[in-house]
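Two complexes come next, and they have one chain in common, subunit A, joined by subunit B in the first and subunit C in the second.
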Partner chain A sequence: MSTASRPMARVGKPTGPLLRHRLADRGINARLLLLVPGLVFIVMLFVYPFLYGLTLSFQPMDGGGPFDSYRRFFEDSFQSSTIWKTLKLAIPSALFNVLASVPIAYRLRGKFRGKRFLTTVLVIPITLGTVLTAEGLLNFLGPAGWFNRALMSAGVINEPLPLINNYWGVFFSIVISGFPFAFLLILSYLSGIDPSLERAASTLGADWKERFRRITLPLLAPGLATTFCLTFVLAFSVFPSAILVGDPTNTTRVISIAAYQAAIEQYDWSFASAIAMIMGVIEIAVIGLVQLWRSQFYVGSTGGKGA
Partner chain B sequence: MSTTLTRGGPATGRTPGAEPSRRRRVVATPGAWLVWGAVGIFLVTLLGVVGSVLVNSFGTQWFDSWMPNGYTLQWYSEAWSEYGLLAVIITTLEVAVAVVALSVILGVPASYVLARQKFPGKKIVYLLFLLPIMMPPITYGIPLATVLYKFHLAGNISGVILANLVPCVPFVIMTMTPFIEQIDPSIEHAARMSGARTWSVFTRILAPLLLPGILASSILVLVRTVGMFELTFLTAGPDSNTLVVALFNSMNAAGIRAQQTVDSMAVIYMSVMMILLVVALRFVNPTQLVSQVKEEQTD
Partner chain C sequence: MTNASFSELRLESVGRSFGEQEALAGLDLTIRSGEFIALLGPSGCGKSTALNCLAGLLPLTAGSIWMDSRRIDTLPPEKRGFGMVFQNYALFPHLTVRKNIDFGLQMRHLPKADVARRSTEAVRLVHLEEHAGKLPGQLSGGQQQRVAIARAVVLEPSLVLMDEPLSNLDAKLRLEMRTEIRRLHQSLGLTTVYVTHDQEEALSMADRLVVLRAGRVQQIGTPAELHTQPVNWHVADFMGFRNLFPATVVNGGRGVLGDEVVVDVDGLRLVGAAAAPITVGEKAAVGIRPEDLQIIAPNDPGTTAGNVIRAKVSVVEYQGREFAVEVRTATGIRLHLRTPIRLDAGDVVDLRVPAERLLVFPGGNDLPVEEAPLGETASADGRLLREAS
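Then we have the complex of A and B:
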């Protein structure tokens, strides 16, 4: 219809409809207005607070230069050591979650009886959340808990293992809530790989090791990278369990505790924002490194539907 | 399963006897034992974690034995009255329902545009919607709480709702966009050819087709919001705590009250989550959230 009306319209209004059509060709039309509410919302409640926090972090509460909040963080070893403590907790646990998920998901990717049940059971810890997991771990792994009791009555150990209120308590809490998440993601990435590719490889005489290394792993690499990033981000921001099952004044004083204490306990929003920005930068750096590693691998379709 | 079938090669072949030999193989391989063992250990730990909370919440005294000395319901009534749980649960539901409704209203139109149209700056818009999901809540939660306190929006229920919307609107967008993409656009074209206006295309063509997707993502948003700790914790005031924050506060102030009241509150929280989860799993298959499973080909 536009081709018929355009010449006539051009006579009446030289640019009006023509401009509209030209914009429509580039994808700008009235439908874009549907995007406005969501976009306004994100700008107001995500972008603006973020920029506000960024400027606030350069305005220390007690005066001083613009970088004083950052300098305070890095000069005080009590604060700056939280970065190392957090990474020491987040990277091993995220790696464990991903690496343990791969063989299990590889083995369980086909159809078998009870798959739906297993995936349902594995979703439970994700929904339980870290607070409840922390409470359960305190009971279960505590000195008088079932775990230590079972080991002691089996004669494996003589004294209860110290598993809570230290590094390991937080580690277990990250594994319990993070492993199912990583497993389900990797399982769905694996199911997205076209099984006929592997069948073709086995027709050509590849054994399962070669099939895994040359077919499955390269196709899975992007999925592994994404899964690692997501579990790392979860583990990096570990907060409730670091307080409840950890040792929040010393070994598991992670960076989110430092940020929280600055914000809620000292009302020093400038310092808290600075810590939040440092957290963001470290996360982006780790995610960037992982994506860089990922870009070395095959990028494209995995043959599966919608993957 | 296809691996075990093909691994035998031409020797075992696809003879009628392949079925029992496959089953024996799965049981025999050490790899399978290892995998099922790891899954078993994880499930036993999970059972121990959940079970010990459950048992402790019903126990009278439990110090140095396998099971408590006796069982009682007193901790539940204590927790219920001491923490004002009825009010807390009502707040939790109010927050969750408001977040679900608002995030669907804000998210679905945006995901429609993202699914159907190419426009300049689409990648930036996409990234903008992706960031709140990729970032951990506490990172943007602190600046967000600062801003909300500045405008006197935090410390009450509206602040909690606004803060929880930040990851939920992008979540709806990210789950709805692939869902809309799979709906054949020619259905909409046909409706337009027959003279339907945008509004009636939306209400009479798209809405019925989108309903399963909207339902699925709103249930996931509901579960997320009830379980969301950090953002609620940073923005809630004394009257606007949700269940998970009330649970954290009671655990963190341990020593004042009996451990069992905390546990019974944890059980109440757990049952709320379980009910939501059972409802959610009726509509959503967890493995299909990322990509569609090619069921018909994996024999």
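Then we have the complex of A and C:
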């Protein structure tokens, strides 16, 4: 190596490599500057409003101590019960979305004719938006909807089943918008698992149940955790369908309704901010628990080019 | 679970098509217990297809497979009790080496103590004692390969299937593992079907070889049979007959010369041995191994004895103990030979080949047209023009 031809490359101390090389080894170089626009964007749109809301939540509208807004929320059971109501909707529906997706995606993981068509059809509910879904649900599951009429004319039931304007209406709405999302995610996680692993397991004497339980499921678990978290977060902030197809004054008065009413109907921004903070903490707690569960599993490469 | 050994495994006109395309057709093969069979052929010739059909990973579209008197081609892979080593190893990435090896034993519902004993033994067999607790991702390619082999043989399967198990390893490791697989085969007496595209590997390891081309069997035989008596030029090509060129039969065939035939190569008469029945006037392919071409001194009395080809040296490669030399005849045929004599490009040499080492195969029409190497131009009929220099 000639130093003469490269005047910039000083001979380093004999004790170690150049500082620049040491930094580069940790991924620190001039290209990091490219992150700046993104960081500015995140700070303006996320960090700043978050910190603003956080400070606001410690400044109750009618004076009082910094934690008064929080205390008000937890002391009033009409408000604090929204946490439980929301969790009761979000956790079962997210679980349902994940658990129902797994067997279907498992069956459909290979290549088959019409796979692209199926995935396209499944994306449609996501694009519809909650309002259209709610309208559809009203028509389909309402007291005079097709579903109840069909059951009644078949003589299965005498009175329409109460399927909307209650807990189940919101549940169905969350499933309709969340299931395709969960299904597509899980399908892509599954196709990332090298198909030869299952073939290997079968030559070792494992039937499909053993193959699923001992090979596919453990490799899929991290993907399931991620999918659960995403659908949970979507369900936890459910708002339009809780009003449109739920029972928004009682059983489906979810936490986002509480926040909405505080902010828009009572103009109590401090109280609304406190509720928003509580929402965030609960979401983070649930995600944390799920990640804890996930950490028990192998998270490395699943060895595959996929299907 | 069928771990029972067999005395023979018969494949009867086994075929597999993908839509219109026949990936494998009419495979008839009887595998005797304890045999090491190699399926040999170029990439895409249907080797993996054949192996997957045997393993039960691919349903057949024709034929049947029999284990003695039991038909097995309708059984799912987990019921066949064959071990398989995959080309990409297919180790379970979330299980340690030890647990990968335990897997098959646990599937057989063996008592815990037996599982532990047999997997310890298997780990020792492939020298991985220190790595038993590691995940496959933490091992080198060669070590992963050993795990894959241990995982398959720990069940003492009645048949072990290996799909190009050494193709992802470097040259040195490949040689080592080759010996090791052969050693394992001999010490455990496992019946093995081994897929490879490497003729040297197949010749050195197998008891019998099955040469495939475009989904069809070309020849089945021992390494020696294939080495000395390939039945067509495709097999010859695979068996190291690097010099293959078209010719016309002018004498012999069913004539007085018996097995001996005389061929015409662009005016040059050569005497050879017919590798298959062939008649006068037929187009043929002539095959000569590089090591069977001898350089003779210009005024050697052999010059008049026939089977002498005069050619000019075009490329010399140093290869340790000898030189690999490429020469070209006046009519443009390219020949390869090996010699300890130091030659230079441009030298003119006389080459002789013993008549019994010059094989004449029927059907030289489909010989590949040689491509002109860099720096030379090909004439319209594919023959090479003389070098400008």
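The definition used in the following text is that the second predicted complex is superposed on the first by the 274 of 307 C-alpha atoms of A that agree within 3 Å, B and C clash if a C-alpha of one lies under 4 Å from a C-alpha of the other, contacts with A are read in each partner's own complex, and residues count from 1 in each chain.
Here is the rule we go by: a contact is a pair of C-beta atoms (placed from the backbone, for glycine too) under 8 Å apart; a residue touches a chain by one contact, two chains touch by 3 or more.
Please read all numbers here as calculations on a predicted model, not as lab measurements.
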item: Subunit B versus subunit C as contact partner of A:194, first or second or both or neither; value: both
item: Greater residue coverage of subunit A in the superposed arrangement, subunit B or subunit C; value: B
item: Which of subunit B and subunit C A:135 touches, first, second, both or neither; value: first
item: Touched partner set for A:215, first subunit B, second subunit C, both or neither; value: second
item: Which of subunit B and subunit C A:202 touches, first, second, both or neither; value: both
item: First, second, both or neither for A:176, with subunit B first and subunit C second; value: first
item: Shared subunit A surface residues [contacts with subunit B and with subunit C]; value: 194, 196, 199, 202, 207
item: Footprint of subunit B on subunit A - complex, ascending; value: 26-28, 31-32, 34-35, 37-39, 41-43, 45-50, 52-54, 56, 100, 103-104, 107-112, 116, 118-125, 127-137, 139-140, 144-147, 149, 172, 176, 179, 184-185, 187-189, 191-192, 194-196, 198-199, 202, 207-208, 211, 229-230, 233-234, 236-237, 239-240, 243-244, 256, 259-260, 263-264, 269, 272-273, 275-276, 279-280, 283, 287, 304-307
item: Subunit C - residues contacting subunit A, complex; value: 1, 55-57, 76-78, 80-84, 86, 88, 90-94, 103-104, 107-108, 135, 137, 151-152, 155, 161
item: Complex contacts: residues of subunit A adjacent to subunit C; value: 194, 196-197, 199-207, 210, 214-215, 218-219, 297-298, 300-303
item: List of subunit B residues in touch with subunit A within their complex; value: 1-3, 6-7, 31-32, 34-35, 38-39, 42-43, 45-46, 48-53, 56, 63-64, 66, 105-107, 109-110, 112-114, 116-120, 122, 125, 128-129, 131-132, 134-140, 142-148, 162-163, 165-166, 169-170, 173, 178, 182, 198, 223, 227, 229-230, 234, 244, 247-248, 251-252, 262-263, 266, 269-270, 273-274, 276-277, 281, 285-295, 297-299
